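One chain, chain A, links the two complexes that follow: it is found with chain B in the first and with chain C in the second.
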Partner chain A sequence: MNLAEWRERDSLYEASARRRVLGLLDQHSFQEILGPAERITSPHLEQLGFPVSFDDGVVIGSGLLNGKKVLIAAQESGFMGGAVGEVHGAKITGLLQLALISPVTAVLLVLDTGGVRLHEANAGLVAISEILHAAFRVREAGIPILVLIGGSNGCYGGMGIFARCCDYVIMSEEGRLSVAGPEVIETAGGVEEFDSRDRALVWRTMGGKHRYLLGDADRLVVDDIQAFRAVAIEVMQKPKPLSLESILREHQCLGERLVAYGECKDAFDIWKKLGIPEFGAIPLMDNDSFHAIVKPYLPKEGTEEETEHDR
Partner chain B sequence: MTVDHTLDKLFSGGYHIKKDGLVISGFGVCHGQTVAIIGTIDHAAIGIESAFTLAAAVLEVIQHFPQRPILLMVDTQGQRLTQRDELLANNSYLAHLAKCLELAHHRGHRVVSLVYGEAVSGGFFATGMMAERAYALPDAQIRVMALQAMTRVTKIPLEQLDELCKTSAIFGPGITNFVRLGIIEDVWQGDLGNCLDRALRLPADYDNRAELGCERGGREWAAKVAFRVRTSAEKA
Partner chain C sequence: MIELLKFEFPGHRAPMRPVRGSAFAGVVNSGNLEVLIESADLGGSCHVEVKTSANGFRSTWTAVLEDFFARNRFADIKVSINDFGATPAVVSLRLDQAAAEIMEMGAK
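Let's look at the complex of A and B:
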């Protein structure tokens, strides 16, 4: 991507949830479910005197992706940090249950969230657990779930665990994926443990490039809605069934990771151990040069056949 | 209650566990049935190693003891909060554990959990909340976050939160709230062996926590909203 193309790109990071949905799906195909006109808001935020949103911060519905019927949900980064409350979570759970009733090719989830909405703490936590249980039924039915991460909130907390329970994680460099967020780690361990204001540190610890290099993200794309769409089209008919074999393979990979990188203090140490000579320059590489440079150092297994996890 | 004391009361037929750090695994005999025991002790913070060890224990049961029910013994202060855990992607280790438990369920193992110590957010999410049904002892502690911390994050005065907690199960810690929300199926008291035996006889059906939360008056919206979404296609 040259500079002119980069300027012309349709940034997912900067787009609203609704804009993301419209850009990902085929034109004029989106049909929203429980849209703002239905005024389904969070009763708990209201009780606390907080502003509510008519979609409770998540847009859901059906549409076409390259002519195939899909379901889609996108979290609104600007509302409560994309966090999951009772209604917000139930919309996603209901959408996943709908996939079992009215068959679709795939489910796309554009996640942009700090995790549990602490204003609805208990209900938020169980809401994410319900999303997870519903997602496993969808996977069992052979319908792949694609998680897209590239928004300003990243994907944290229970939703960070959930994302890795789906078939595919597609990230941009701008995306971040973790369970404990920077501020949480800093609050627990002090600034010596983690300086949450050090943006470079945050991105190389949790950002898209690092997650892709270790295999926690299946794909890394440039921050362009059309780039996310292209990868979604490519993988949407390739479910990755959860089987004993696939889980054992993942177990082996995660075990090897503990041994190989357990002593590493920083992402730079890991990238160096991966054998990438230009490891120090990785954070500044654009998407194309990053892929060109790191390709030989990605473990071979799984790159073509999209096995559970693990490149 | 300590884990040994709890296991004594659960398994009158005896039990055997090994400890690996803060992770326990083994088996016990309850009413003549052998049950796999997998869990954590001492309010473990679940980091990448513990999550991996727990996953290994689940996989061992799946591979060597087909159909054997699994009892998850929950005592966790949540996920471990360090840079190193996140650098190596604790979310992937916890997700792996959740997938192992899902696989066990899928292959016909009954999976129930018992909060006998503490259960907090991410650690509970990937263990106890992955069970088909979650139970708790009366003196167990369950929370997403303490009210003091919630005050800090949400800027809502503590007095207001305290007041809200009197009528709503959504905000505050405590077993009663988690029962009302449908997260905890029941509190086990009296003969714990009988409680476990009864739980293992219930069908391994789908996730009904939202419906339970609605019935119990703690969480009316989750079930209603999900229902409206999944029936939306019929109207369209």
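Let's look at the complex of A and C:
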């Protein structure tokens, strides 16, 4: 991607939740469910003296993706850090449940969240467990769930766990995926453990490139809504198997990862162990050169094998 | 706490165009706000309901809204706002964005 193309791209990172939904779907196909005019707002925030949002920070609805009917949700990064409150969570759960009773090809979730909305505490925690439960039912029905991560909040907390329970994780370098966020780790473990103000450290530990190298993200795309859309179209009809064998295989991979990299202090150490000669230059590589260089070192198990012969 | 402010404007006798449906702009983020404009049968007048985290700014809201309705010839609309401490300039911008969107919808 040259400079002119870079300027022309339709950045997902900078777009609002609504803009993301409209850019991902086929033109004029989006039909919002429980839009702002319905005023389904948080019952908790007002009591605490916080302003509410008419859509509680998540846009949900249906539309067409390359002519196929899909359901879609996008979290608004600006409102409460995209965090999941009771209503916000119920909207996502309801959308997933809708996939079970209406014929859809896939469910797309554009996540941009710090996890549970702490103001709503238990209601937010319950909401995330309900989302997880609904997601497994959707996967059991063979409907793929695609998670798209490339916003300013990244994807953290319970929603980070949720993302890895879905069929596909599609990320940009700008996106981050983890459970405990940088500040949380620093608070619990001290600045020697993790310096949350070290942006480069945050990105190489949790960012899209590292997640892709470890196999947590299935695809890494440039920060362009159309690039996310193209990958979503490519995988939306390919549900991944969800079975005891697939879960056991996943557990085995995670165990092997811990053995292989458990002693590593930094992502650089992991990239070096992966055998990538240019490991020190990875953070500054653009998307094309990154893909060209890391291709031979990607995880062989599971997802990459499938995507390899898709191409 | 959240302050609730209600305003009523007479509405323009020769509105730009009849307004249909609803339009939405902005995000409830620090220093920002969201604006929802809906068509409503209000006998020609315009209602504004503001929920704001910044208390005690009624006169500022009045000035910004008077300016908005002076620049836009609306009638029969309901404006609902969730505000998280936006400055008057940001409020005007979001109002104009929602107004532009609802006028575009009426044009289709």
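In the analysis below, the second predicted complex is superposed on the first by the 300 of 311 C-alpha atoms of A that agree within 3 Å, B and C clash if a C-alpha of one lies under 4 Å from a C-alpha of the other, contacts with A are read in each partner's own complex, and residues count from 1 in each chain.
Heads up, the rule we're going with is that contacts are C-beta pairs under 8 Å (C-beta built on N, C-alpha and C of every residue); 3 or more make two chains touch, one makes a residue touch a chain.
The shown structure was predicted, so the numbers you read here are calculated from the model rather than taken from an experiment.
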* To do: Would you sort A:F54 into first (chain B), second (chain C), both or neither based on which partner it touches?
  => second
* On chain A, which partner's contacts cover more residues, chain B's or chain C's? -> B
* Determine, under the contact definition given at the top, whether A:E76 touches first (chain B), second (chain C), both, or neither. => second
* Between chain B (first) and chain C (second), which does A:H44 come into contact with in this model arrangement: first, second, both, or neither? -> first
* Identify the partner contact of A:Y261: answer first if only chain B is touched, second if only chain C is, both if each is, neither if none is. => first
* **chain C to chain A touching residues, read off their complex** => 1-2, 22, 24, 27-29, 32, 34, 36, 38, 51-53, 80, 82-84
* Once bound in the complex, which stretches of chain A touch chain C? -> 16, 18, 35-37, 39, 46, 49-54, 57, 76, 78-80
* Touching residues on chain A, where the partner in the complex is chain B -> 31, 33-34, 40, 43-44, 47-48, 60, 62, 86-87, 89-91, 93-95, 97-98, 101-102, 116, 118-130, 132-134, 136-137, 140, 157-158, 160-165, 177-180, 184-185, 188-189, 193-194, 205-206, 210-211, 214, 216, 242-244, 247-248, 250-251, 254-255, 257-258, 261-262, 264-267, 270, 309
* **chain A partner contacts - residues on chain B that touch it in the complex** => 48-49, 52, 55-56, 59, 62-63, 79, 81-96, 98-100, 102-103, 106-107, 121-122, 124-126, 129-130, 143-145, 150, 153-154, 156, 160, 164, 168-172, 177-178, 181-183, 206-207, 209-210, 213, 219, 221-230, 232-233, 236
